[in-house]
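Read through the structure below, which is laid out as structure tokens, and then see the notes.
Chain lettering (A, B, C and D) follows the sequence in which the chains are written, and residue indices restart at 1 in each chain.
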């Protein structure tokens, strides 16, 4: 097998980027064409990612590792990309002439994240992370006609740049302590020196950059603004694919410690509880659907951290599972957001009123997705939470689990408010039926099916996640 | 087991007698409610079969040596066995017969009294239920079964007292009866539990054996006896739970007859008799009972002296007679109490049924009014009622005379003469208030023609014209039968005594020991009658009793010694006003309010935290670094 | 004087100055410059660690080069967004951009 | 038995799930068809559950009708269904209440499809909890049965429905916030890597401390749903808000879910914790009994009255469980069943009255016995059952519980027994104010319960009376489970 074959998913993304770049060169805008090209390429991308799941090996002087862990995440990223592209039928939030650029930056971002999950060298990680961030920085202000997008963009950039500067500073300390930039070597060295201030400071500061991606408290400040300010599809992408990549890299970094640092665990526990609580509490008072989802994503970052801070194979596996579950549920929510706010505007929760009449299938999907986010069985969200909590409990963190469950109860409140809006409230002015095309229905139904089926039969996904997690050690 | 069951006529008869009314009840409730006549036929048929069985049983076991007990399992749960079966001994056979007779007569009587009532079928269903509960209770071999049917008796009387449910007072009375007797039942139940836990068995025969004293300490026996007696207090309307019974006459009059004679209230005394040996193990308890009985008897007598309601007079008289029975039993004379229960069943049913005729005829409960309308014109009822009142007063040679003498004899055996004097006073008062009523009806003040005319015009409505005669005689026959019983029952004194206590009642007190007592008692009764004659009977009598002349006492009696008022206040101020409303407020404010407050606090915290997300980028960054610094500090300290 | 800690101290100072600048400057350009300072602090660290500790002498230099390049890209993107913001608000003062909150 | 291998339990679950799916694929407009489909599937569930009750081999005892499929190997999760003497009455109860509930809602016209879909989802969860032998599935089914309550109450409910629905849902799911940690705690500490209840309940699996700790988590968690004082306030509020059938299912079945959870999970797995905390359980239960009765006395809303009577009656269940005796457990399980049927009857008659008169405030009603004799009759029967009149099912349950409670905790038992007077007072007060007295002219034209709508109520009355007259049918089944369990206690 040729070495470059290991790089196929990334190469394919690169190819896609080239295509979109070409489309962007063409003068006359044609959204339909752009959409179908993107859809076609993205679907092939999923196939390519799936096909390369079994690959294993390393590239670029050991700086780049291809294993089950990375490939699983690549599949998730490709899926996320594909699903976001699926949502772009009514890409009304972005000017038509910018559609190719939109796809282009989505592609580069996906490419960067794919590289991120495979990177096992600090510089590679840094470069990949920055590439993905920069693509998003540009995507956010692409929105048309709404004053808030540029503000959101600049805030995103400023917070992001600061965080990455902090991360870089931390990386320098890691380098200083371990004398190497290769993760494989760090794994061997770091657990021995993790007690020293420099090492712990380095790791902590490094994690800041990734926490920023995942929107963990206190690096979450960009999330609500960006979710609200960016176009709906962009938000969907940020909320799903980008979070998945962040989970991957945090798992990678935390696993460096080898479970030796009580201090790091304490920090992670604190941040996790703070994220959950803050996210859930503030979400209660939100009126805007995307802003609500932003706060919910902050709290979910807390839940994922529970799995990660267990620092055990089961913990990492549960975090991987949770990331996947979160991807699916969140995309399902955004599907509804995109379809209900067809003109690309922001969606107020109150605007969901009467959804059960306007489109029963969307209402049902929304309800299931939202209950999934709340962790109600038999959805995949429950299974994810269950696994995460099991992992934490194996380490004896019962207080953490109870706090997390109480948080889940609090979160139920605002999720139910969403369901209530969709199922119970009637709009002030009678709204027309929502035209839901057949492909959309199929997409919705399949998302719902994935949520329920993998919630009820988690075995397969769980085994994959476990196998992936074993690759780390 | 089934085959032996059917080959044994005793068991079969007992089963049929006890269970048949239940099937009628079920049949009527489920199927025949729309057909009143059919329902009545069913019910009366069932009760007459029960009657035949009861008489057969009584007859065939007149010379019973050993009690017959048959038990089957009803429910077994772990160590708790709840059997279902029959205990046939002298007492239960007697009671069974009394219940069957009275039920039968009342049901026949009701054919006339309840004719045309919209709830006719329902009425008969409840009557059957009542009969079933009472009969099964009578022959219960085990106190748990006894308790279960005891409760059902309470239920049936609740349903019947509140039969005219549209009337507020009727439903109120039903509720009152149920809740007040429930109060006693709780004590009863607790007492049974004490026995069950410490004695391990609730079989009536075992409880009555000497084992009890061996297995339970005297204190426990006293405690459990007093608790169990609580049931008697509730059901037999003893002090302090006596006020439900006068209200219970809100039900149809035949129901009162049934309730006051053979079923509901008799159940209490019957229970006393049922486990009489158990009770007599504790002298303290017996003295308590004697006190309660005496208080009850006197209180009720005073109340009866001032009321103008014919049914209430009999209701109070029931209470006072029940007091007598309890006194007799508590004084140690098993036979006296039970004998009085038997005779009382007869004449009290008679009294109520007679009153029912008057009420049905004149549609008023006030006996002065009845007298004015010409109550004495109804020959059969007035004669029967006078007869029954005489029996109630203890005038020879009627049945009441004999039983009362037996009780007096028992009281005279007591060391403390107070009981006897109280008893004699009671006898005097009884005679006085009974004949106060009788004379008021017999010799009314000047009859005003207007009333007559008014009455004749539309007094008792539509049915008067057509069915008058038939209905009248349907109602009259049971009266005549009961009057006969009242007349002759007294002469069965000795056979009954032999039957009940003949073989093991060695140390029974006897009226004969105190010949002087007999004369004193009769004399007092006669003087009571005389006083009533002076005040109500003779020509130009003032028709105002001596008590009624003293306003405060009269008010005290008329208000039932303010016992009801006290309960009302207790309920309003303590139960509703304090406990219930405090709990409710606690529930709304503290418990529920606490939860709501927690939720509101959560939302409020969310609102407060949302200010963390200020629009100002640099504040956000500062928070970010501040937290980072804190985390780092945590590491160094 | 030229021990590792000197460099680390300078880097830390630079980093702190950068943080201070980010907090203090209301102008977006100023904040961007402050962030550059923080990046430079990281670069100094890399160089210093590389010089004093690491076996491979060029890692730190490579890092620094990459950081410079990436920072340039970042500056370009940031400036373009700042321009867009300026078009909308007629200002590059961050205090003016406070529409998103809560 | 030739049917021994037929998966009856899964068939019950499937009848709910398939019913749900079929309903989802019927167009909204075919309302009658939806109702008939619901009726048929709920009928199947009921018949199967009753069949199981009588087909259970009492001489053999233990868990029967076992179905076991490996679900998630790495976590030791099995799809494992079985029934014993404790769960059989509950299954039967669920079947009966579901069927009668569907019949009760026959006149529903708004959003019929969604209503029955949610109902089936809920009931599937309930059945699942009652038959599952795997902690994971118990929890899953438990949550599945809770969340449909929100839409069911919020959409079809009445008084303060959104508030009530939200409160109920949050409160109950807050309970599961304690249950899940409890379950996971046991799972992790057993070291057996299995969620299988039968394996975990072997003596010696958990240390006494672990049992005490886990028990209190599980007891409080499940206890919230069982209406344990002082966590009961969701119940009156929720009952008042819920539509008739939902109240029936909720008060009738769902509250039992909590008590059953305490029994099946907390008590089965942590018997020593049970004995340790029994004192506390008894105190809370007694508080609930007394308190519920007194608060019920002050209510003016019919449904509130029933809600508080449920608190009181569920206190009896708690008291029975707290005695740690065979009689107590028998009584508690019997009481769950009896109370379920009784409350269902309560709510079905109140629901009917409310549908017709549009009020359930006691002062606004009165003389209903004249206006609607049949509907009132059903209520009165339920009220009598609630008072504990003999020969109605709940009497026996209360008798057993009180006997054992008095034996174990004389003072608390006596207090609880005394509360019977209060409960009699408040029930009869309601009956008197609502059904007796002068009839009101404004309700004259209202129809009484028709024969069709009477069927579900007749079934319920028949069940109450049947088990009131033949309590041993029930007790014999229950004690097949309770006697070995108590004897096996350390």
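Following the convention adopted for this analysis, a residue touches a chain if its C-beta (ideal position, glycine included) is under 8 Å from a C-beta of that chain, and two chains touch if they have at least 3 such contacts.
No experiment lies behind these values; they were computed from the predicted model shown.
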Pair with more cross-chain C-beta pairs in contact, given A-D and B-C: A-D
Distance-maximising chain from subunit A - centres being C-alpha averages: B
Chain occupying the most central position, where position means C-alpha average: D
Length of the line joining the C-alpha centres of subunit A and subunit D, rounded to whole Å: 42
Between subunit B and subunit C, centroid-to-centroid distance (C-alpha), Å: 96
Inter-centroid spacing, subunit C versus subunit A (mean Cα positions, whole Å): 26
Inter-chain centre distance, subunit C versus subunit D - centres from mean C-alpha coordinates, in Å: 64
In subunit A, residues with contacts to at least two other chains: 154-155, 158, 162, 166, 224-225, 285-286, 413
Residue numbers of subunit B (touch at least two other chains): 599, 610, 613, 617, 621
Shared interface positions of subunit D, touching two or more other chains: 170
Chain-chain contacts as defined at top: A-B, A-C, A-D, B-C, B-D
For the subunit B and subunit C complex, residues of the former touching the latter: 610-611, 613-618, 621-622, 625
Residue ranges of subunit A touching subunit C (in the complex, touch as defined): 123, 126-127, 130, 134, 137-138, 141, 147-148, 150-155, 157-158, 161-162, 165-166, 168-169, 171-173, 175-176, 179-181, 224-225, 228-229, 285-286, 291
For the subunit A and subunit B complex, residues of the former touching the latter: 154-155, 158-159, 162, 166, 197, 200-201, 204, 208, 217-219, 221, 224-225, 263, 266-267, 270-271, 274, 278, 280-286, 410, 413
Residue numbers on subunit D that touch subunit B, as the complex places them: 167, 170-171, 230, 232-234, 237, 291, 294-295, 297-299, 325-327, 330-331, 367, 369-370, 384, 389-391, 395-396, 399-400, 402-403, 406-407, 413-414, 417-418, 420-422, 424-425, 428-429, 431-432, 435-439, 471-472, 475-476, 478-479, 482-483, 486
Complex contacts: residues of subunit A adjacent to subunit D: 356, 371, 376-378, 382, 386, 389-390, 393-394, 396, 398, 401-402, 405-406, 408-409, 412-413, 416, 419-420, 423-424, 457-459, 462-463, 466
